[in-house]
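Per-chain residue numbering starts at 1, and chain names A, B, C and D are given in the order in which the chains are listed.
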Amino acid sequence: MKKLINDPAHYVDEALDGLTLAFPSLVRDGAAGRVIRRTHPASRGKVGIATGGGFGHLPLFAGYVGCGLVDTCSVGNVFEGPNVDSCIEAIRLADGGRGVLRLYGNYGGDRMNFDMAGEMLEDEGIACTTVLGTDDIASGGPDQPARRRGVAGLIYAYKAAGAAARSGSDLDEVTRIAAKAVAATRTIGVGLAACRLPSAAKPSFDLGDDEIEMGIGIHGEPGIWRDKLRPADMIADEMVERLLADLPPAAGGEVSVLMNGLGATPMEELLILYRRVRAQLQGAGLTIVAPLVGNYVTSMEMQGASLSIFHLDAELKALLAAPADCPFWRVG
Amino acid sequence: MSIDASRIGAAIGRAAGAVQTLEQELNQADAKLGDGDTGSMLARVVGAMAQSGAADATDVSDAFGKLARAGMSATGSSLGTLISGAFLSLSKQTKGRATVDWSDLSRLLAIVLDGMIARGGASLGDKTVLDSVHALVLALADVSDGAQAATAARVSANDALHRYRDLPCRMGRAKFFGDKSVGLDDPGMLACAKLVDAVAGAETEFANITT
Amino acid sequence: MKKLINDPAHYVDEALDGLTLAFPSLVRDGAAGRVIRRTHPASRGKVGIATGGGFGHLPLFAGYVGCGLVDTCSVGNVFEGPNVDSCIEAIRLADGGRGVLRLYGNYGGDRMNFDMAGEMLEDEGIACTTVLGTDDIASGGPDQPARRRGVAGLIYAYKAAGAAARSGSDLDEVTRIAAKAVAATRTIGVGLAACRLPSAAKPSFDLGDDEIEMGIGIHGEPGIWRDKLRPADMIADEMVERLLADLPPAAGGEVSVLMNGLGATPMEELLILYRRVRAQLQGAGLTIVAPLVGNYVTSMEMQGASLSIFHLDAELKALLAAPADCPFWRVG
Amino acid sequence: MSIDASRIGAAIGRAAGAVQTLEQELNQADAKLGDGDTGSMLARVVGAMAQSGAADATDVSDAFGKLARAGMSATGSSLGTLISGAFLSLSKQTKGRATVDWSDLSRLLAIVLDGMIARGGASLGDKTVLDSVHALVLALADVSDGAQAATAARVSANDALHRYRDLPCRMGRAKFFGDKSVGLDDPGMLACAKLVDAVAGAETEFANITT
């Protein structure tokens, strides 16, 4: 597995340099440069949204810093949560005087560091709330939402909470919206080939030449089954079926859909999958609103795809349609 | 002889030496059910701790604090954060003390363990590094010198690793797939056993610990 | 090499269905559905721009149908030029009464079919001109522009000509601009791993586990050298060096840059490359305007990257900055 | 016996049968310097031609026309377009004729060749399918029946393939890398030799052609 990189020790920082140079709406900040924030911060009086996470998932997390989305992002090393300093800085930099929502994926390291950051900031009087992305249905049963990891569906929570914050909602309301969006999102992934950590000698898992893994995690964690490659339509059908078997309580008739590439999957294949997913969802009586197809949340060069369904009501639908602008997602 | 800053510095230096050769093994252990970064993370974190100047600290509290800060700025991973938090707890507990007696270790680690449980949200018996630390707390309860402590630590950390190998992991994503973890070492417990081995190696005459 | 596909015989049509379903600004047209056109065509009186090409390069070609870019695209099978019928249809559908520029890559099959289409349309009185993309410096010497293939840099010609057409320029002027943009663009690619045609049993070429190929073509055609993998910075340096050794006559001090992924290369690596490319270009006294980093022109799951430099003067710079909107590129 | 529509239909049927087994071989020949699609493209194109109802055409011109249209809608690739164009040329040249004599073939192909050169912009000697067609034009100049034509076609197409193998390709991207093509068969020439072999097989008694 070949990589176009330099010294693995500089992987994250070099990529962050590239990110901010290529996309001037983003800038590095923080003592170690491990916060990405908006070059032109929101005007004061907006609830701030801070996110963060390990590296290697671009556009997630840092790429969603922008108008109508998140304000700041603390950046960890590859597949390691952001350290406490960068979490503190991300929260401080997101603060516009009306409090900060910490919105990130449910991973141990991330949680510990954002929690510690919150404790350390108590004296500064920044009101903080937390919402964790928990959309990956393969990492815990429907009865174990707290075990579920946050994967691609997190961007729907960014979008909804970001729109609420932008419209002037207060911290409680932004937090309510984020939690509602998370609760309305379900994701499942399928893996075809692993990625390799820049510092690791081998890929993080091995799949046979004709094997795939259903339910794989965003770092290659084991899924639900591993078996021979099947036709795309069968895979799409199973993904839809599993996601619809795990409906949120208040699911209505409209959904948005994110057909996401994990990094090395060509657009052509995502489109073939999407076409089938759409037909199956329509067959189930669902209407698709504002679908997304592309590489939104990746695992470096992992091959595979994830499907997220965002169950909409009128409120979430309006928030999804609100204007937003970051380097990788623009609405309106 | 008790534990002082220079001893802490020397210990972390031995760990940093050992972790280089452990890096890929720990990555691969973590890759089985996790994301494959335990080794590279620890190599970086322990490396940073070894550069933190702990040996030259004014006292043990300061030495532990230096390790904690170095670890905290090097990573935000679960294990790394727990380890840094452990040193922070040791630093707080030893505030103002130039040295720590070997016989104090168990009591100090018991409080560290409480902190790790509170911080990480996992429980004893989940097959995590917590179970290794718990084994250390028990094993170090009755030691009175460095040689005893070293032997007790090596034996107990190895023992915990072996005892848990064939039990299912109950923590995090792995819980959902608990059975897949049967027969696999938890990377955090493996790291603990190997690093204790390296750190304690110089403190004991007993060379032949079963692995 | 695993693919998330169904029957290879339906690969193109299923992906085109997905494309138009996911991106409602695009619609399939033509007797065989092998033309992609704007769902809301430009109002009459605009010079039309028709493009086309083989499939497997998304977003190229069809993904650049949009406002301020190209109007229609004929779509061939994987790595095969579009057939003559789809070329005829693409030209007809692009026609808004002021003639049509045929703007596509310099490949034998594409040329023959667009030429034949033009001959067959002579009776219909649609004025047609042709400009061929020839930016790939590895496929012909500087003295052999006619041999050079069109690769990623073609999108700069789309952008410039599309902006000129949108502003009301006549066919001669749009053609002049397209030719000028092509002449101002240089691209070189580096390959790390091959793609596989959906119908083929094997990848189209083999590279050793630690080999790369400099100057590789967009279908994996052999390049300039094949050797061991090098650090990203060394590769970036060589790409820049080779591109700057082949300056267009009127090159000035400003350039745009497209750091393009060939399909399976993670965003992180493109950013690491871009960071170095930018430093090298700045070192050479060049200023970068509106850089692009991402998967703009791919070869399915090929791993690697290409670098395009678009040398700007005041006219091209203004055209590059003009508003444009398609599913994969939005300006303004 | 001369060439009529049913004979054309039968010939294309034989080609369609043969091309299935040639598909991956031709893809791999093309992959060496090109994009690896020659075989899959030809499988589809010749398959479509075999479904075009050429055997039931009203006359040879109509039969050739059906092949041309089938090919043109199946691909826009270089080789496929040249082949379809060749059939279109044959259809135009034989307008109104129910049959074509074997002795006419060379003259017809000479005009086909001119059209391919004009359309594709390559030259004789570039190591392309043009050189195979050229060899056919020469070899068929003096034949008077099907068996003679079949033998002459097979021998000459194979011969051209062998003759050009060690010459550099001068066409397209390959020209820039001409030397890399030395020792490699041009996929278009290879396809021509193999398909002529399959088509002519039933027309001749000579089974042992050296390959």
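The rule we apply is simple: a contact is a pair of C-beta atoms (placed from the backbone, for glycine too) under 8 Å apart; a residue touches a chain by one contact, two chains touch by 3 or more.
Owing to the predicted nature of the structure, the values given are computational and were not obtained by experimental measurement.
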| request: Supply the minimal count of touching-chain steps required to go from chain A to chain D. | output: 2
| remark: With centres defined as the mean of Cα atoms, the chain at greatest distance from chain A is chain D
| task | Could you give the separation in Å between the centres of chain A and chain B, each centre being the mean of its C-alpha atoms? | result | 32
| request: Give, as an integer number of Å, the spacing between the C-alpha centres of chain D and chain B. | output: 73
| remark: Check: chain B positions touching at least 2 other chains come out as none
| What are the residues of chain A that contact at least two other chains? | none
| query | How would one label the connectivity among the chains shown: line, ring, star, complete, or other? | reply | line
| field | In the complex, chain B residues that touch chain A | value | 23-24, 27-28, 31, 33-37, 39-41, 43-44, 72-82, 85, 119-121, 172-173, 175-177, 180
| task | Name, in rising order, each residue of chain C that touches chain A in their complex. | result | 2-7, 11, 14-19, 21-23, 55-56, 58-59, 63, 190, 192-193, 195, 209-210, 212, 229, 231-233, 235, 259, 263-275, 278, 291, 293, 295, 298, 300-301, 303-305, 330
| said: If we count contacts the way the header does, which residues on chain C are in touch with chain D in the complex? | reply: 8-9, 32, 54, 74, 76-87, 107-113, 115-116, 138-141, 144, 147, 149, 197, 199-202, 204-205, 217, 219-222
